[in-house]
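You will see two complexes here that share chain A, one where it goes with chain B and one where it goes with chain C.
After this line comes the complex of A and B, so read on.
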């Protein structure tokens, strides 16, 4: 177990190296620079600015310097927002995206899994068909359509929630539903399929033969084993919610990192692009690691090797 | 003589061969939801192909007095912020979404299959290095990579220089309304899963008796690969790729939504949504129709995909 965790953590190093060098090369080969403006600056000023941000150094030196800073959690200054460092920007915007992601994840898990369980228990009933149709609908309406539809119904017509922006808890509701619905549907479908598979295992028959009440057979014996494959999609789902927030943050005017990322690519704000990419990658890797570890806790049959 | 007759009779008596594909097809056409999905997709293809004849107006230009026109008898879905007929733009938009679905799927399919075949067939060190690279790339958030790539393509190849490589690429992209780089972007970012799948299947097919037999009679490596391994990998790979199609439709819509996809005035549903949501308080029809169009399309592909998967995997109960 310990060895497994250490090996997974060491695996982060090549991932970060490859992701950072691809991002670095790609963003520097995009034509144009951070100081391009409508009104062209005199060459002397651009030279001075380049010198200030070390953009006149050879590329490999810029990369090494950046990675050295990254290891010491010093992400450098933002070029587009002269007075702020990238650390400031991340510290301000990650919590927003993180909270949104967490709320959506909560919706997906706390509604998706029970929906799947009920459908599996009442297989081929009206409830089952109904909830599977709703799941399919949730899976098929993309964020960019769901967001405006929810705003129109619940904010503009019913006036239950604010239209957009961020701040109070009530502002989280609509964006979190927008972001979470598709994953709720995924969890529901996965749970249902997995439950139906586990129900036919012999140990379930054994439990029934022992005289365990049906409700406990379902909740304790079946659900616990059925959840193991469901955890596999938790990692990708989390990653999807983090990057999916780019659209949702745009629609709901939320000051999160996803919306900021697209702007920073447009501004050629190199330090911000690097930092966001790496933090996104770290989040994805970390989440996948958590999923792998939780496997072993849920299923003692799995051995780490 | 006698023997031969007996053999023929035996072969006549055996029932028609039941192949995997025929069984899957029979299970598929019994699935009502999949049939509905397939029907919608066929209609969409007809709409996309015949857009020139079906669309009542042009998608490029509108009349200034029709700006934000609400639905009426002349413009059934109303007009957008430039007075363009929304219904015509939705109809032409089917072309964009479907070509992202099929060409995008094809690009990433080719890259993934070639990579997976190479890795699985050569095995050993080559396989190890190639698969570690895939593992690492899985840590790269796809949407971030595709945004960087699209910005790179859009700004590197935005020149008018006939004759040079950049000029030709840019001309191809402009003639396709900005779709060319979307196909490449999808291809580059979404082949990883396919590569893994194909490589895994090659490893198992390689050990099958019929490949062993072919090797024993001295078939050259290339013949083994193309005649015995590849055909047996192809079918499941196509099915797996078909299940990914909703994802490719979403990619195109996502890119066009954030302004890195098609070039205006090419009508993409994603772009129409991003143009519409800002003013939806008073002009909801700008958002409603593209939202409905993209949802119905994804719905159809998801249902058909579900049916196809169930048809090929009879173990899973419904």
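After this line comes the complex of A and C, so read on.
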């Protein structure tokens, strides 16, 4: 297992090189630059700004300089937020997104998986139809509708939660539900389908024939194996939640990193585009590694070589 | 001993609660995180709003009249030849660290803006100072060669390359505000962090939680602190207009701009409509024609399109913010504004005249007219306007209009490199003088002149107006310039003048600053 982890970590190097070079080329190939504005600046001013941010260097040098900085955890200055470095932005905004992501993931897992299990156990019952209807609803209502709806009901009418902004645990509830429901629905449906498939396996019949109590058959033998596909989607889903949602953060005025994924492209804020993309790539790689490790725990047949 | 502690604690809490009860707090929405609080490099309205509260300028603007009024400078004078401006500063203004605000700090700020290494986007507004452009453009100039001098601790003198009647407006801009040199040299780019910053305005920066909120406290060292009513400004940074609207209705915000979707509801609601203010803003929305791209190189074609825009119906049914129809470029409230609608300059909506212009251009009933491209940057608001006006062109002129939108920076690159036949753009005032408009946008040498409008007569008029100091003569020159551009040549089609659409709670006594930078120090909050 140690060898497996080391090998996977070494794989990160070529992945980062590929992702960073593609991102770098793409962002420099789109028309427009960071200093284009409605009030067109004189060329001399743009030259000063390009010199300040070394955008007048050849592209290959800019890339090499960036990667050299990246290796030393120096992600450069933000061009749009001139008093802050990209390190500042990540350090100040990412923890907020991370907290929201954890809460949303918690909701998705702790409600989604039991919902799927119950539906599978009580297949074709009212409970099954009810919970699948709920999860269908969760999947089909987009965040941009769910957020304002929750605000209207629970903040404006019932006054249980604040309308928006950030700061105390109670501020997390509505955005976490908004962000978490779609994933919850996905986990519920996945768990149910997977359980129903596993339950038809012969070893489940063997367990039942041996007189194992039904609850243990379901939880120990069925669920454990049924979780493998769920875990496969949970990894990337967690990476997605940990790197933020522009829409949810915007609706609830949450000071997270999500908006930077979108605004950095609009601003042509090159160092921020690079950093956010690489952070997302690293998160996906890391989560997939955790998923692969967890396969071995869930299914003893899987070995790491 | 323990009891004393507990008693002390209770006493402090009671005093604290009592004190908090009297604190006047304004809950404000900045709309977004300010990109920077460094006046030398800021370009956006959010940063400038906060800087207005933190840093004093030599001059300021009166919200009601737009006139330049004294701030740090009590008075100023211009030499006979119009080239030298001398500003006499108050001697009782101090920084939050107790040190005096001096003329040397104005000089430092001007030179820092012009230093190429600073990379200030707005440095070009100072190029009118002698030696400034050579230094800023790295063309052999030096900081010492910039003609801004501190004659003594409280007198600062600027020498210009040509007379400029509008210079007192420039002297008050953020790029000229005195800055604390020692603090900037000590902390570098981090000098604007809440823990480092030193300011001289009515408010000081108490807390800045990025992307979340900022708290400004009334500055005890402000020279006119007795007149400041509001103790603290709690600034949210809510980008989503509908969220800000909900917070306003829930009582968490004291002021907001209602989103377009809510306008009908706001106007119909007895409470909200009483809190609604619609005031003139200093911006113009216009459609430019690429004067070099056929068939828009023909003035008759441009006149036909300018006459086919039903501005009033656009305002009533699409924009709903009581904007004013525009037939000239410079908006009301700016020195040099000409009322085109009243004076008959430019082209009002007139379908018959529009058809006639097009027929005179050789396209009777639009026959043989090539497909027209109308381009705007991607946005729901611009799209609605383009749909309305595009339909108006098609119905009135019987031409085919292809509406295209592009992402903002792609759009700007397109306008710069190969501007479409019709493009949308807007302009807002940096300082209330027509020079900031006709000269900085439509001078044939300007980078913002995407219309490729090139008229030597027009250039001569606006360049003469910039040098002239007699207001009556200047106004007449701007009238001639507007007539040439918006009427004779129909180089662009101005569409409307913006309005500020705002909801404010009835207990807030406020002013409106059309130039941006609200004067919070003049506001008050009544008991409620």
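Following the convention adopted for this analysis, the second predicted complex is superposed on the first by the 290 of 305 C-alpha atoms of A that agree within 3 Å, B and C clash if a C-alpha of one lies under 4 Å from a C-alpha of the other, contacts with A are read in each partner's own complex, and residues count from 1 in each chain.
To be clear about the criterion, contacts are C-beta pairs under 8 Å (C-beta built on N, C-alpha and C of every residue); 3 or more make two chains touch, one makes a residue touch a chain.
Note that the coordinates shown come from a computational prediction; the quantities given were computed from them, not determined experimentally.
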item: Partner chain(s) touched by A:27 [first = chain B, second = chain C, both, neither]; value: first
item: First (chain B), second (chain C), both or neither touched by A:266; value: both
item: Chain B versus chain C as contact partner of A:42, first or second or both or neither; value: second
item: Partner chain(s) touched by A:18 [first = chain B, second = chain C, both, neither]; value: first
item: First, second, both or neither for A:98, with chain B first and chain C second; value: neither
item: Partner chain(s) touched by A:251 [first = chain B, second = chain C, both, neither]; value: both
item: First (chain B), second (chain C), both or neither touched by A:69; value: neither
item: First, second, both or neither for A:149, with chain B first and chain C second; value: first
item: First (chain B), second (chain C), both or neither touched by A:285; value: first
item: On chain A, the residue positions that both chain B and chain C contact, one per complex; value: 30-32, 148, 151-152, 156, 163, 250-251, 266
item: List of chain C residues in touch with chain A within their complex; value: 33, 35-38, 41, 43, 116-121, 123-124, 133, 136-138, 189-190, 192-193, 209-213, 236-240, 242-243, 246-247, 249-250, 252, 407-414, 416, 425-427, 440, 446-448
item: Footprint of chain C on chain A - complex, ascending; value: 30-33, 35-45, 47-49, 51-53, 77, 80-84, 88-89, 92-93, 96, 148, 151-152, 155-156, 162-167, 250-253, 255-256, 259, 266, 268
item: Partner chain B, residues of chain A touching it in the complex; value: 14-15, 18-19, 22-23, 26-27, 29-32, 136-137, 139-142, 144-145, 147-149, 151-152, 156, 163, 193, 196-197, 200, 239, 242-244, 246-247, 250-251, 261-262, 265-266, 273, 276-277, 280-281, 284-285, 288
item: Interfacial residue positions of chain B with respect to chain A in the complex; value: 132, 136-137, 139-145, 147-149, 151-152, 155-156, 246, 250, 253-254, 257-258, 270, 273-274, 276-277, 280-281, 284, 287-288, 290-292, 294-295, 298-299, 302-303, 306, 316-317
